[in-house]
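Per-chain numbering from 1; labels A, B and C assigned in written order.
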Amino acid sequence: MSKMFSKMGWIIVAVLCLSLVVFPACTGDGGGSEPIPYLHDGQFIQQTIGEVDSLDPAWGYDTASGEQTDYIYDTLLSYDQESTTDFITGLATNWTEVSTTAMKFHIASGITFHEGGNLTAEDVEYTFERALVQDRAGGPTWMFNYPLLGKFRTRSAGNITVTGAEIDAAVEIVDTDWVQFNFAFEFPAIQWKQILVQSWGSILDKEWCVANGEWDGDLSGEGWKAYNNPDKQDSYLYNHANGTGPWKLDLWEAGEYIRLIANDDYWRGAPPFDTVITQWVDEWSSRKLTLLNGDADHVYVPRAYIGELLDIDDLLKISALPELSNDCLFFNMNIDPESDLIGSGMLDGEGIPSDFFTDIHVRKGFSLAFDYDTYLADALLGEGTMLGSPLVNGLAGYDPDLPKYEQDLVEAAAELDLAWGGNLTSLGFKFTMVYNSGNIPRKTACEILAEALYSINPLYQVSILPMAWPTILDNIFTETETSKGPLPLFQIGWIADYPDADNFITPFMFSEGDFAYFQDYGSPTVDAMIEAARFMANGPARDAAYADIHNAYHDDPGGIMLAQPLGRRFFTKYISGFYFNPTIPGTPGPLYEMSKSES
Amino acid sequence: MELRAYIARRLLLLIPVLFGVTVFIFAITMFFSPTERATLYVTSPQGMRDLPSIIEQYGLDRPFFVQYGTWLNQVFHGNLGWSNVVSMPVGRAIFHYLPATLELAIFATPIIILTGIFFGSRAAAHKDKPVDHATRVVAILGWSLPTFWLGLLLMMIFYGYFRGLLPPGRLSSAMEIMVTSGDFIRYTRINTLDAILNLNGPVLLDALRHLILPVITISTVNVAFIMRLMRSSMLESLGKGYILTARAKGVQEKLVISKHARRNALIPVITVSGYLFAALAGGAVITETIFSFKGMGWWASQSALRLDISSVLGFALFMAVMFVLVNLVVDILYTRVDPRVRLGGGVQ
Amino acid sequence: MKDLIKIRDLAVRFYTYEGIVYAIDDLDLEIRQGETLGIVGETGSGKTMTALAILRLIPYPGKIESGSILFFDKSIDQELELLKLRDDRMRSIRGNRISMVFQEPGAALNPVYTIGDQISEVFLLHRRRELAQRAKQRLDSLLSDGNGLAAGVKRPFWGWQRRIYDKIAKESHAFEPRLLGRLPLFRRLLWRMGYEAKLLTVDMLKDVEIPDAARVAVQYPHQLSGGMKQRAVIAMALACSPELLIADEPTTSLDVTIQAQMLELFRRIKVDKGASILFITHNLGVASEVCDRVAVMYAGRLCEVAPVGEMFVHPLHPYTKALLNAVPMPGKKLETIPGVLADALNPPPGCRFHPRCPSAMPICGQERAKLKEVSKDHMVACHLY
């Protein structure tokens, strides 16, 4: 008897297992064929990843914060649609260059903040002085500090290095309704406008800020110093907002969603959506289904999943958008000799010496060995532009016809034969590359390089190691007294602060630049070229200067330049009005100019 | 021992527990370099050059005991620190994320325990019969199904295939607006409970609709555990002499199981159920993430991933308190179920 | 007078992975009315299985393979075939007309219920009508004596309760009370039956000489001594005045003084209640003290049945003789039976005792000896006779 029962038990098992396999297969991708319903009239709902860090315009330096700040606040001026060099008026109705070191903006009248205050020139002056006073570590205000005060930060080794008078003089009200910015040196107006137009240029209401415990605007004594580099929670503005923008902050449920409601008295006219809801949803399948069910109008689509949406008709699909960002595999020319990743630490075939990459033949050989086409196809699914220098498409000075490396294993082998006095071929080398665990494109890049080198010479051995992102950052941005960090090669990317060539060239190539410094890259000659080009007016002369800089990077590569990704956007078909401006933070685009309707 | 004295003694025990837990966790985080811990405050590659000043600002390179002392001092002043991943104080973050998790736990725990007990005792009563095989198979399947797989499958079926039937999240956006508007008072932030307190039917239904899938997901995974425990405990109990006595008395088989065997078999299940509830109250990371049902698990995992130490410590404190309290409740429950057990004394 | 229990050709087998265990093999045995029959044998000889077979409680994977057990029902003057009775009828006999006391009183009592609860359960199972009748009478007196406001308010409620009890008293499983019994809250209406059962329980506990019976009734098993527990178990078994009380080694786990008290109790029960007792023991001394007749079992088979005096004076079966020799006596060398108990999985052919038997003959290994009456009431299964 019991034998029969156990047989029945097994039959039940079999049926269950079968149904578990078959059921998902039947239901799996059934959603695509049905039309997406029109839901949530008057609302724009998006699902994305990435939390808002702070709603304080002078604090936020991430896209999520910038996007929400953009919806709530206005800046003095705006880009003209897709252009990154032409401007239209914002809270400033007019602006002029007073001199090469000063620029003034006429502040519009009759504009009110959400909480009722009137916009005045004083508010504008306060906004920028507050940004200079606050200047939080790791924040965006260096873009103001540098032209206005002549230094990147207001502190050095924990001590405040600027005076109240300097800040006071940097921004001042002239002729009652004009605000004038006085630069520390000759600074191109277009770059200043490009800085002001971003979210950190959002204008605050002075009275409201002061009433809520913010800095009181007094620069005369020492009192303002207490407001320098605060903790995030010390500022009222991190989770409160009072702007002049098209939407007002309704509710921010950290981790869940942020909800904005229409500012019907908006000076440009009532916004197209009564409510804008940004929900944070980590799970892609959940975001996808929400989009296909019409419960969201727009979702963030990771590159790997783009294929799942391409066949769905009811979507507005926009492609080939040149994002202002890039990725690069940097050579570390002064590796920490204590590093675990360089084997023996000597050129004996069992490791690499600390100064391995100082030999230009090594760097050129590596650059020639890398299989760029495979990288583009595998890591970016073909959606990207290969670069020859840090400059990306969309910046003045970028020229696709300038030379860039392509894979040539014969030439790569020849270069490596020349390296280290011709000894590398016979000795070989061993070291370890790291990538941040979970980042498939970066892992792919490591594998491509490792395979190519091994195929050239089996003695060229590169192993690959995943590491947590904070650990990688720790290992990149570190130095000892005599060397830089322990990573022989590191991969990281750059996202534009403002769309100017210098914003890309300086971090990569200037010897004190964000990345160059930590790889011991750069030369006085190139530094001089960069400084000369930095403040030139846009035009053929500047283009030529950047072409030279590009060639300098090609001749003396600081890293293997990878690609500039091409972006895609997916909306339901009910959304219209999207245009691409790479400086708009977040993925929905120019929301105020977009709309949603059933037809 | 008197109940009150016993409770007081157990609560006093919390102090060394909490101290130990926090020192331990703090010590672990010290294995991460100051720079790694500072990256929490940097949101863009451009901010990296300020890492040294952030380390200085938050004192991340000071000796272990100085950092721990600073933290402890702050805790004694009623401040658990700042949770940077969600931009709010840690204390508030706990009260912000606990309701969602509690809501899941409150719904899932009884389902898990009751179905576990029911099917566990059925399986034991029909040992080696089809019911037994079927329950064991289902239990093993549920136990071994990856949570994310089950969660995604359920969502694809009940939100994708049956369009919009059981959506992810805690409330649909319209209800979310209603709940956060002035008329609706969020007493507890447990949506179902608040809806009842506000006598708001639509919100209640909507909240329940969003609860079904996550509760099923959590339950399926955990029920197997209780079921198997109940089955073995029940089998043991069924082999005892008093069961034979009961049968010899002429007690119906149904009552033999439900009255005589089950109550004795429940004793080990109570302990495990207590810990199950405590664990569920600590959040179900994967379920919360898949269904955007953001609670303690989500918060804790985000904090851990981004090395948000004050959040992790706050979470650990919460969990320690939770476990001690659950232990206490389990002990008191014991005395109700098993007359042989006395508080603080174990079995007589 | 008819035998209370008549066992014929009873065979119990256990179907295990190792093979078939012949726990009881073709057993014939009677229990007469009002007598105490002892079953004696070594551990594993099938004594307990015989008892469980009578109650039809052979544990899995055991099965009653064949045979018949007849139970003489005095009330209808008929013999009932216990092995063919419907399950619910069998249940109404267990604990009611045939009850059992187990060896280990500590294990036999449920640790999570009070003594009172466990004994009242028997009344609630088998004496529903009587309990309902008593409750009804109590309500009647309440209804006639009750005065004052409280009684006035409760009067209609009492009336309702009375009606329900009346129904139960007429038909123990009437529909309405059965329905109410399943509904939470309403279930509590039936509390008076529980109350009556408790009163009977206390009487029962007094009956088995438990001092302070009312207090013991609300105590849990772990709060009582071993002897008290066994008394409680006996009280539970006697609750419904069974016609047959099966006592499975009831004194083994108790110390000697308590043992003596317990045996005294059994003797008194037999006299007072007139019940038959099936007394299972491996201790011949104990058997000689309480039993009228003794049956000796070996490896699932009966060897010898005789009145107790005859058995001790003229044991016939070599195994009985060996057993008697093995009883420890002061001043006598302790003897043991050579060899080990027959393997139940592969029992020896013929007489199962023959490998250990000092007087074994060739035929013993080939043929099983039938049970023969050698003198009045003295039966033996041995080729010697």
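Some observations on this one:
Rule of thumb we're sticking to: a residue touches a chain if its C-beta (ideal position, glycine included) is under 8 Å from a C-beta of that chain, and two chains touch if they have at least 3 such contacts.
Just so we're clear, the structure is a prediction, and the values are computed from it rather than from any experiment.
Distances between chain centres, each the mean of the C-alpha atoms, put C farthest from chain B. When each chain is reduced to the mean of its CA atoms, the one lying nearest the mean of all protein CA atoms is B. Note: centroid distance chain B to chain C, computed from Cα atoms, is 50 Å. Rounded to whole angstrom units, the spacing between the C-alpha centres of chain A and chain B is 37. Centre to centre, using the average C-alpha position, chain A and chain C are separated by 86 Å. Interface residues of chain C, counted against chain B in their complex, comprise 55, 57, 59-60, 91-96, 99-100, 102, 104, 107-112, 114, 121-122, 125-126, 220, 222, 233, 236. Those residues of chain B lying in contact with chain C across their complex are 127, 240-242, 244-252, 260, 263-264, 337-340, 348. Across the complex, chain A meets chain B through its residues 2, 5-6, 8-10, 12-13, 16-17, 20, 23-24, 27-28, 30-31, 34, 37, 40, 43, 45, 51-54, 60-62, 65, 137-140, 142, 152-153, 155, 158, 229, 231-233, 238-239, 250-251, 253-257, 259, 275, 277, 279-283, 285-286, 289-290, 292-295, 468-471, 473-474, 476-478, 492-495, 497, 507, 514, 517. Interface of chain B with chain A (complex): residues 32-33, 35-37, 39-51, 53-54, 56-57, 82, 84-89, 93, 96-97, 128-130, 132-134, 136-138, 141, 152-153, 155-157, 159-161, 163-164, 167-170, 172-174, 176-177, 180, 289-292, 294, 298-299, 302, 306-307.
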